[in-house]
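You will see chain A twice below: alongside chain B first, and alongside chain C after that.
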Partner chain A sequence: MTVIEPSIAGTAAGSSRRRATRERRDAWILTVPALSLMVAILLAPVIIAGLLSFTNYSLGNGGFDWVGTRNYEELFTRSTYEKMFVATLTYVVTVVPISVGLGLGVALLINSLGRFREIYKTIYFLPVMATLLAMAIAWEFMLHPSIGMINRMLEMGCGTFLENVWPFMAHGCAERFPVWLGDKRYAIWVVCFIGIWQGFGFNMVLYLAGLTSVHRELYHAAEMDGAKSAWERFRLVTWPALGPTTVFVVTITCIRAFQVFDTIEAFWPQGGGPNKSTYVMMFAIFEKGVQQNLIGIGSAITMLFLLFVVVLTLIQRWLVEQKVHY
Partner chain B sequence: MTRDWWKHLLLILGVIIVLVPFYMMVSYSFKSPGEIDRGEGGFFGRQELMVDERCVKLRDPSRNDIAAAVPQFPGLSDSAIRDALVDEAMAECSMRPVVFNYTKAFTEAPLLRYLMNGVIVTASIFLIQVVVALPAAYALAKLKFWGRDAVFALVLFCLLIPVHAIALPLYIMLAKLGLTNTYAALVVPWTISVFGIFLMRQFFMTVPDDLIDAARMDGMGEFTIVWRVMLPTAIPALLAFAIFSVVAHWNDYFWPRMVVTGNRDLFTPPLGLREFKGDGDGSFFGPMMATATVIVTPLIVAFLLAQKRFIEGITLNGMK
Partner chain C sequence: MAGLSVENVTKRFGETEVLKGVSLVIADGEFVSLVGPSGCGKSTLLRIIAGLEEQSSGDIQIGGQSVAGQRAADRNLSMVFQSYALYPHLSVGENISVPLKMRRMNGLQQLPLVGGFMPGARNVASDIGSVVNQAAGMLEIGHLLDRKPGQLSGGQRQRVALGRALVRDPAAFLLDEPLSNLDAKLRVQTRAEIAQLHRRLDATFIYVTHDQVEAMTMSDRIAVMMGGRILQCAAPEIAYEDPDRIEVAEFIGSPKINILPLEISSEGRLSFHDQPLDLAIAGGSRGVASLGLRPETLWLSGGEAPIRGRVAHSENLGSEMFVQVDVPGLEERVTLRAMPELRASLTLGTPVALDFDTDKALVFDADGARMRKVRRLSAAASEVA
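Now for the complex of A and B:
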């Protein structure tokens, strides 16, 4: 036995070295498809967009000229793009707080109930599942100025006390109710409303999951310390405990809000709404880059868009790492 | 319960707002054009027989038809025969509005084809995502090799890039390769799911090494281990990922809109619906809502049947 042992150890060491080599080789074979696709589909386009944003390239043309930062200058000087930034920011700044707030509010309400929790949860989640384009068309019918359900309902309020207390109503009854999607005063808000309608259920579900991890004892402890009102308990216990959830919910809602496209293209296939009031960035990329073949300017918008998204995500990661619970 | 009444009141108000468009979509898909115009008929409409004007027009009897029909109506004048034939056409072209809307949805546009495209595209995207991501996730979680940390760092970096954001350069690349207006264009940009790699890697980290060592003892190579050992353990995670992936791509409108233009054979359901809207005149609200209902239904039904799994799947990226 004692004689054989070293030789066993020897072959074992040899075979383990051989195995390590084989493991390395196999590992690379397993990783290479994913790695090459990552480079080709995710990294290369970013670089390409970055380069093209400094050119006047268009598909079908053989050559192109380097135009320096002209595309970017155009972005920051032309009024069309000013409208684009205004529309995108209006949408994001409206949709994010409201849909996060509603998601939290509904989650808290549902969480405090004994019965019917599941039913509410299911119903509020339905818009998240439904094809947004189909629902946009359903909303478009509801908002139809003459045969839409919304203006019909408003008309029913004519002649009642509502006319006296609500100037909008009085005005609508005297003349006519808004052409919701054709009026630049309303268009962007309608789109925001649909965005909130579609997205808050998603936030609600994430908050409900977050709420299950808040310990009951914490509430008792807070009560002992004199946090009597529900608001105090929320401020001292629930809100800090939901910190990580909130960071995530806000980031993902922001990124989704930046990407709004379906509703806008469905309502206004040409040109981004009345007076370009709903000309959001995704639509601009589509219109400039694909429809008008102005790849340079489209790429510049793409780069700006990526910048927004990356900055947002980095802020989120930083917050998570800092474990900031405001 | 009595103490909670105001909560229920608020939540029910919300429920109404959430459900109204669904209610309207389904209700319009049942109603006749007249009922939609006048806003009457409740949820189901009255389902009175209606005449499809276009069908009648198509069957408008020609001189030859009248001549051919003479033996059927002996002793009648030509104009009387004509009236009789028109009546016959009217009778055959009349149907319940619900039947009208749903047959139109499937006959006016190749809706079945669109649905099939939707299935082909979502299924191939998911399958390729798994085939690409699973081996990489296994290697990153369980194998030691030079460069592993760099690859994983790259995965984390790529998580920052939403594919919709780089749609334009992707579109240019596909156009240069002559791939726009093909199934490949619909599928290729989604074949790599860095999120899938990340998710599966986190999952595989929790799988005990003993399991893999035992498989190696049995003489399995790394490739066999991925598909015979790791895949079965990953089924629950894969199911959640499947829901995440399928819902996203069945509902996606932006990307198909970018790369498919005009070629109806490649339309996914949302594109088909969009085209329907584009060439619809006012009288086509019913069939259009029927189309919308058909497109939305599969996922909603699946969701209602397996809510827990769906909610888990859709909120997957909440685990990042």
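Now for the complex of A and C:
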């Protein structure tokens, strides 16, 4: 017996090892279709773009040269790209807080309404549903320096008290009102305004959904605890309850703000607005990579863009897990 | 601490009248339970007292002062909610300190981060901290102060909600079914603890529940509400032994009181199923009435007895036994309390004869109002009080 035992034990261990190997192999075979799709559709393009960003490749060329980090160096040294960063960041830093704040404010107001809720919801959501490209054309007409509605309306204020209290009016009436889309001082702000106008309705809808999950009894508890003003109730109950919604809304709005493209393409198809003041990243990628067929530099901007989005997403995940998950 | 009075309060939601003229006077330090079935208006009444809901008419006075038009935050009342309503983002300690912060700190001192640097903030904060610790100690939740409500069990959350209510010195405590989310065992334990807390604080408690056992075991007085009215407000033993109306008798007591139909002869003599009983109504006229008999007032009779039937079901609780008897001609079974030793002689289908303590018989007229002028015929005339 003492002779046989180890051999039996050896066979048993061998068969269980074989079974484990087989299971591992089957598992891999079963996941291969999903994995290969994921690699082909999601990972490969990113990796290829990453590789191309170190080359001077152009579509149609037979070959390319490795240029090292030259594309990236260009990004951080040329003044065009400096303008790109300034325009993109101006847009993001302006549009995100204002459209999130407006979305929250409008959601709170609509939530407090007894009647006409649906009407207001629809009105504020209309710009979200509309095609931005078409809307941009409508805005282009409205912003036209001489026949546009905006400047016509401003002209109506000439000769009234507005001229005395508002230097902008005084200046406009004395000389002329701004060429909104042709003046580098105004162009980016016009784009920001349209971005906010178009985007806050979406945030409002997300906040309205978040507000339905706030426990009503918490407001009563807050009232019993002595929270008298609407602000105290907001701070004690509403805002913390909306934490997860806020993180999501801010992240989504940030990513959408980085992606702004169609307004600029509609207003200035030739490139980036007056003095490149609205030359945002997405437009730069389009101009370099598609219009000018400079795939290398286009890929470098794309990688940078991807980096911003990944950092934002990581921050969101961290916030959701650490701060707003009760 | 203060007494509280409710004067002729009505409440309408559109067409529906939820409260139909409710009056109630609660003395300082008293524990009063509002008890009744779902939809009887007890929670609405509590919310009106709290100021979370406005009455359609009538007045509420706290400590002799009318609080008409005063909002909940100004009424100096504390409330424990059925769902506990703890702030999920705040720790237990912060939850308990909210009522104090809201009242003692100004807007700047309450600000996050910078609030602590405002003049006077530190002193107030340390005062609040010591009061919170004291309350937590009283409720034995001192070790939980840093946790979030999401990390607590139902019983612990309930204690935190109690802590938040008692941390400041309110005129009265309002409790809205605070035990209904706890399991049976914890409920019994917490019941005793709340009663103990009431004795210790000597404060006015108004307690809403649909569970008559909770009301009976904790309160100085119980107000039985039905259909938007208080039917009777009395000490638990009086509501049990001497109810004013048949609805009160039926609601209070478990198992339920037995209700038997009675006929009144023209001389006032009462009879059940044509069998004359040893009871008569002074000045009674011909008609029908109801006889209420608690399970413990019935006993098994060897010989002649007015109630006869067969054992249909029995529940042995160990210390006592409830036997349900099918009586021909009655829709509902008659429940009798018996000693468990008798279980051998009370098998299913056994014919039994039941007699009852005439002194403890409760007679109600056709409208359900109590008829108090009942006397025994055999003994000297005695009134059942």
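Definition applied: the second predicted complex is superposed on the first by the 285 of 326 C-alpha atoms of A that agree within 3 Å, B and C clash if a C-alpha of one lies under 4 Å from a C-alpha of the other, contacts with A are read in each partner's own complex, and residues count from 1 in each chain.
Here is the rule we use: contacts are C-beta pairs under 8 Å (C-beta built on N, C-alpha and C of every residue); 3 or more make two chains touch, one makes a residue touch a chain.
Small disclaimer: the values here were computed from a predicted structure and weren't measured.
When both complexes are superposed on chain A, chain B and chain C sit side by side without a clash.
By the touch criterion defined above, A:215 lies against chain C but remains apart from chain B after alignment on the C-alpha atoms of chain A. Shared-chain residue A:240: touches chain C; no touch with chain B. When both complexes are overlaid on chain A, the residue A:223 reaches chain C alone and has no touch with chain B.
Contact comparison for chain A: of chain B and chain C, B touches the greater number of residues. Contacts of A:232 after superposition: chain C is touched, whereas chain B is not reached. Contacts of A:189 after superposition: neither chain B nor chain C is touched.
When the two complexes are laid on top of each other via chain A, the two nearest Cα atoms from chain B and chain C are 17 angstrom apart.
Residues 20, 23-24, 26-31, 33-35, 37-38, 41-46, 48-49, 52, 59, 106, 109-110, 112-116, 118, 120-135, 137-139, 141-142, 147, 149, 152, 197, 201-202, 205-206, 209, 248, 252, 255, 259, 261-262, 265-266, 269, 282, 285-286, 289-290, 295, 298-299, 302, 305-306, 309-310, 313-314 of chain A touch chain B in their complex.
Chain A contributes residues 215, 217-218, 220-228, 232, 235-237, 240-241, 243, 324, 326 to its touches with chain C in the complex.
Within the complex formed with chain A, the residues of chain B that make contact are 1, 4, 7-8, 10-11, 14-15, 17-22, 24-25, 28, 36-37, 39, 132-133, 135-136, 138-140, 143-148, 151, 154-155, 158-173, 175, 188-189, 191-192, 194, 197, 221-223, 226, 247, 250-251, 253-254, 257-258, 269-270, 273-274, 277-278, 285, 288-289, 292, 295-296, 299-300, 303-304, 307, 310-311, 314-315, 317-318, 320. Those residues of chain C that touch chain A in the shared complex are 47, 50-52, 71-74, 77-79, 81-83, 85-90, 98-99, 102-103, 110, 148-150, 164.
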